[in-house]
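Per-chain numbering from 1; labels A, B, C and D assigned in written order.
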Amino acid sequence: MEALIQKKSQKRTHTFVFWKHKLAFASVILLIIFVVTALFGNMISPYAPNTITGSFSAPPSVQHWLGTDQIGRDVLSRLIYGIKISLLVGVSVTVISSIIGIVIGLVAGFFGGKIDAALMGLTDMVMSFPYILLVLVAAAIFKPGLLSIILILGFVDWPGIARLVRGSVLSLRETNFIKADQLAGLPKTYILFSEILPNAIAPILIYATSVMAYSILDEAALSFLGMGIQPPTASLGNMLNGAENLTILTERLWLWLPPGIVIILLVLAINFIGDALRDSFDPNNHYK
Amino acid sequence: MRKYVLKKILFAIPILIGITIIDYLFMSYAGNPLQMIHGPKVSQAAVHAKEIEYGLNKPFYIQYLVWLNQILHGNFGYSYKSFQPVSDLIASHVGPTLLLMGSALFISIALSIPVAIYSATHQYSKGDYTIVTASFVGTSIPSFFSALVVIYLFTVKLGWLPSSGMSTLGENTQFGDVFRHLLLPVIVLVAATMGSNVRYIRSAMLEILQKDYLLNARAKGIGRFLVINKHALKNALIPIITVIGMQIPLLFGGTVIIEQIFSWPGLGLLTMTAVLNNDYPVIMGVCLLTAVVVLITNLLTDILYAAVDPTITFK
Amino acid sequence: MEHLLQIDHLDTTYTVHSEERILVHDVCLHLDKGETLCLVGESGSGKSLTMLSVLGLLKNNGRITSGSIRFENQELQNLSDRELDKIRGSKISMIFQDALTSLNPVFTVRNQIEEIIDAHLNLSRKAKKKKVIDLLNQVGLSDHELILKKYPHELSGGQRQRVLIAIALACHPKVLIADEPTTALDVTIQAEIMNLLDQLKRELNMALILITHDMGLVAQMADRVAVMYAGEIIEEANVNDIFLRPKHPYTKALLQSIPDIEHSKAKKIEPIKGRVPENYDQIKGCRFADRCAFRQPACTQNVQSLKKLQESQVRCQFAEQLLNGE
Amino acid sequence: MNDDTVLKIIKLNKVYKVQSASFFTKAVVHAVKDVSFMIKKGEILGLVGESGSGKTTIGKQIVGLGKPTSGTIQFRGKDILTFTPKEKRANRVKIQMIFQDAYSSLNPRKNIFDILEKPILVNHIASKRDAGVYIDHLLDLVGLPRSSKDKYPHEFSGGQRQRIGIARALSLKPELLVCDEPTSALDVSIQAQILNLLKEIRDELKLSMLFIGHGLGAVSYVSDRIAVMNQGRIVEIAESAELFRHPLHPYTKVLKEAIPIASPLIKSMKAEENARTQWDPNDASPLELVDQQTHHYVKSSILKGTGS
């Protein structure tokens, strides 16, 4: 029974399951919209994000669709800029932490022994520090800002990927095709990069989507706490910052609801795409 | 079993040392450890004298050992801001945090398990689909945003619940009052953690539902209830323990934000204040403490695994 | 005469990629008291699915789409899951291929044996204790206290399979379904387990359904044999007819493809060319046609049904011609 | 040194250290004990025994996927354990392996051409230009259509995958093939195809093979001689027809009796309850020649009647 199912072309399964996922489809569309918005932000946005263009805290109007903030900047323009920052942080952090994680995971898994023990010890250590706390400390020591946020998040987000890659390498190392490669005298580097790594890509990719989602959330949280992107630069997190003030919270919903909703949609889209990827890489998933 | 525990403890020691080294490095990067012990308002000459006394002219590793010795004696230094011993500050703030985290963790897990089991046993049904989608929505909402929303709804609009502090000012601390103050932050933390809990337990459960031993249990005719709640659930305890273990460091982080928004007088608030004031001794003290707590949690999780899974002692 | 278990025209459908696939088609089987029926076929031929259908143990995406399953004159399909639970494990028991994965790793042997007794029999503590010891004796496990305290991973492969058999026998079933119970075991242990099953079957006057792909086991164990191919029964007969007078070309080919130690050098084995078709439920005519050495144009056009030929039932329209030497 | 001896194994031992329940000590598993045998050119030696008897461990040591604790493995007269890296390169590829699980023995992300081409190029079997022709030839040899080249492993059935595994092993022009239960995961009708293929290849290429198996029918069908293993030791070796006709060692007898014969007229599959106590598992006596004609060897203790 199981064997019979697996015989079905995997490729078809991938696309089939992927597109069947209506939410994933909607998410892809949504993400494309966000990316386009971010890329062409300065063309789309009605005003410059940091310029005062209206009266203080004006409610939504024809000139300012989402109103203006406490010092008269256009909320929509700042929102568009914030999306750009969020995506920038998300992508950069994912790339940095993936590279670190993949290298550490590959080295640990392939060489094993003491190297493995040392690297995994390090991984455990980084994982033992409560995540936000570590970032806060780092943000307190280094000057907060876009670059430091990216670097800080990038350097604390890798342990998950490292563990994942190490696990894949360890299990792939035991497969017969890697043994056959060894018997055929293929070079070690070839086995590691051309045989093992491509087979570990799928779980890495899935995990990377969640890193991206988390890093966007973390940037927003840090900026919200005032330890992330510093004003006047707009970020979805620091736009929400003012809502700790009771007047803004109760009477100026346009100042905090839109950035909040945008963060949710952005992260949700990424999460759904990750879930769809997981489904599509696991052909058995739908028979459970 | 005892040997297994011993082994796990032995393996935890180097990690613990590593954590203190990282902590120490951060500390030295942030400032002179002497200042941290005595505060910045000490004269240059006195500092110099102390430097020799504490061996700060000695090699780095000796300095580290001196510092470690202090830590082991409970001396985490003094706050820059209030000049109180860091250990006292931590001691007075740890209770509220434990209360908040504990309630959130308990409720989150207690709700997640039945929801996840329902979802897994009704896979691809509408209910399952709704639960999974909701869990994704849950994990995608930043907790500070949901905090703002619940404050807006329950405090501002409905006026049902307080949104600040741990008790009403000027009144004697009473259980009911603390409970009312606790509700909103706990709701937010539960909402933030439940999504990933449900998905993790659900996928673990799905895997277990595929196992031959469940088919065999069904073939025994012992009834669906026992098959799920005895055979499947006992095996699912391991992933559930894992989830609890994973939640603790995450909750520590989550409480920083939540305590800040709800002015909950716990470690998170202490940390945030310290961060904003560059009060490094306090930050480092909290960091070290939480890292140790996380490590101990990991240790406990491992030990619990062995208690739940009879095959584990042989690994 | 009514049969103990009778399956008529059973179709079991699975939803695979939102496609409906009939994986078990038109299966008719019957089983009498005290008889051993072997269900033989290659992997994916639908043997296990047929038996899981009987017990209502199909996965969520599988269901019976037509046919009837009658046990002691009762239509099993009309029963609710709760009512079926009264039959499963008590009147019809099933044991599975891999004893290690079939036993729950986190419960002791005692717990797993007692649980089935608790579910079906109302025994006092003392009676239950005695029952458990009797069961262990029956399956040839001595050193009771030690075995009962153990977890499955602490037992050997043979011991685990014996425990599984003890569980299956606990409530004196009328039918025992054994799904490849020895494929994971060594040949010497297999012999022990098979002899045990055979002996218990006689002692308890049980009917045994043995699912296997090993023609050797079939020859040694069966009274009657049903050969399955691509979801259908293609031949059903008593064991002598199957081995000495096979009527379906697939059965013949299968017998010729088995190497055996008796005349290993003397005869060259003849493999069946090709492989089992993937989407066999889409095939209109005979499902074996494209691998068959005697294929006729009509084979792929006509729907083949199970027909009586001498003492056998055969799903091949040319079986009689083949029997008479063309 | 006889010229047509391809593989000679002398007193091979393999001891594994495994983590035991206690923390500070390591348990020791003696998987292979004093195993000696040889394989001639063009000969197929079958290796049978219960699981855990050390069959696969021997196979792994021969191909170099593990280092023996003691003993020598001579390939064409040279001890492969003392090879320099250069010698290794030149000689090791002459010993190839066919795995039990054909699916996991092929990289799922590469098509058949890529899977076959790389080892050929690395070992200079054919140039990049000639590789295509050579691969066609290999596919012909194992009975797969040439169009298989562009397909991926998941597009094949179990039997076809095993054919690809065989093609890959053959691509390096090996002189010895270690087949580790190559048919035990396959259906009966497919098993026969693979067994016949292996025999044909042997006849055509004059290859030597070590055929490890637990299906005794299959092993005796392909093998010229069979070695019977029990608890890490070889207890009996003989030509395959002879071995099961005149088994001498009690374990071989038990094994033979246990086989279910595919005929309802012959009652087989006997299992005596105390059969397993008829021999001493620690019997370290050497193998002794019983019959020159059939190359029948058995533990000397059995002949002297001291083995039981």
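As a working rule, contacts are C-beta pairs under 8 Å (C-beta built on N, C-alpha and C of every residue); 3 or more make two chains touch, one makes a residue touch a chain.
Quick caveat: nothing in here was measured; it's all calculated off a predicted structure.
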item: Maximum centroid distance from subunit D, chain identifier (CA atoms); value: B
item: A-D or C-D, whichever has more C-beta pairs in contact; value: C-D
item: Distance between chain centroids, defined by C-alpha means - subunit A, subunit D (Å); value: 50
item: Inter-chain centre distance, subunit A versus subunit C - centres from mean C-alpha coordinates, in Å; value: 51
item: Geometric centre distance via CA averages, subunit D-subunit C, whole Å; value: 32
item: Mean-CA-position distance for subunit D and subunit B (Å); value: 54
item: Residues of subunit A touching at least two other chains; value: 3, 7, 286
item: Multi-chain contact sites of subunit C, meaning residues that touch two or more partners; value: 43
item: Residues of subunit D engaged with two or more neighbouring chains; value: 157
item: Contact set on subunit C toward subunit B in their complex; value: 55, 57, 60, 81-82, 84-90, 93-98, 101-107, 115-116, 118-120, 151, 153, 164, 167
item: In the complex with subunit C, residue positions of subunit D that touch it; value: 50-51, 157, 159-160, 187-193, 195-196, 214-218, 220-221, 240-241, 244, 254-271, 273, 275-276
item: Subunit A - residues contacting subunit D, complex; value: 3, 6-7, 9-10, 175-177, 179-187, 190, 195, 198-199
item: Subunit D to subunit A touching residues, read off their complex; value: 63-65, 88-89, 92-93, 95-97, 99, 101, 104-109, 115, 118-119, 122-123, 152, 154-155, 157-158, 165, 168-169, 172
item: Complex interface listing, subunit B residues touching subunit C; value: 123-124, 211-213, 215-224, 226, 231, 234-235, 308-311, 314
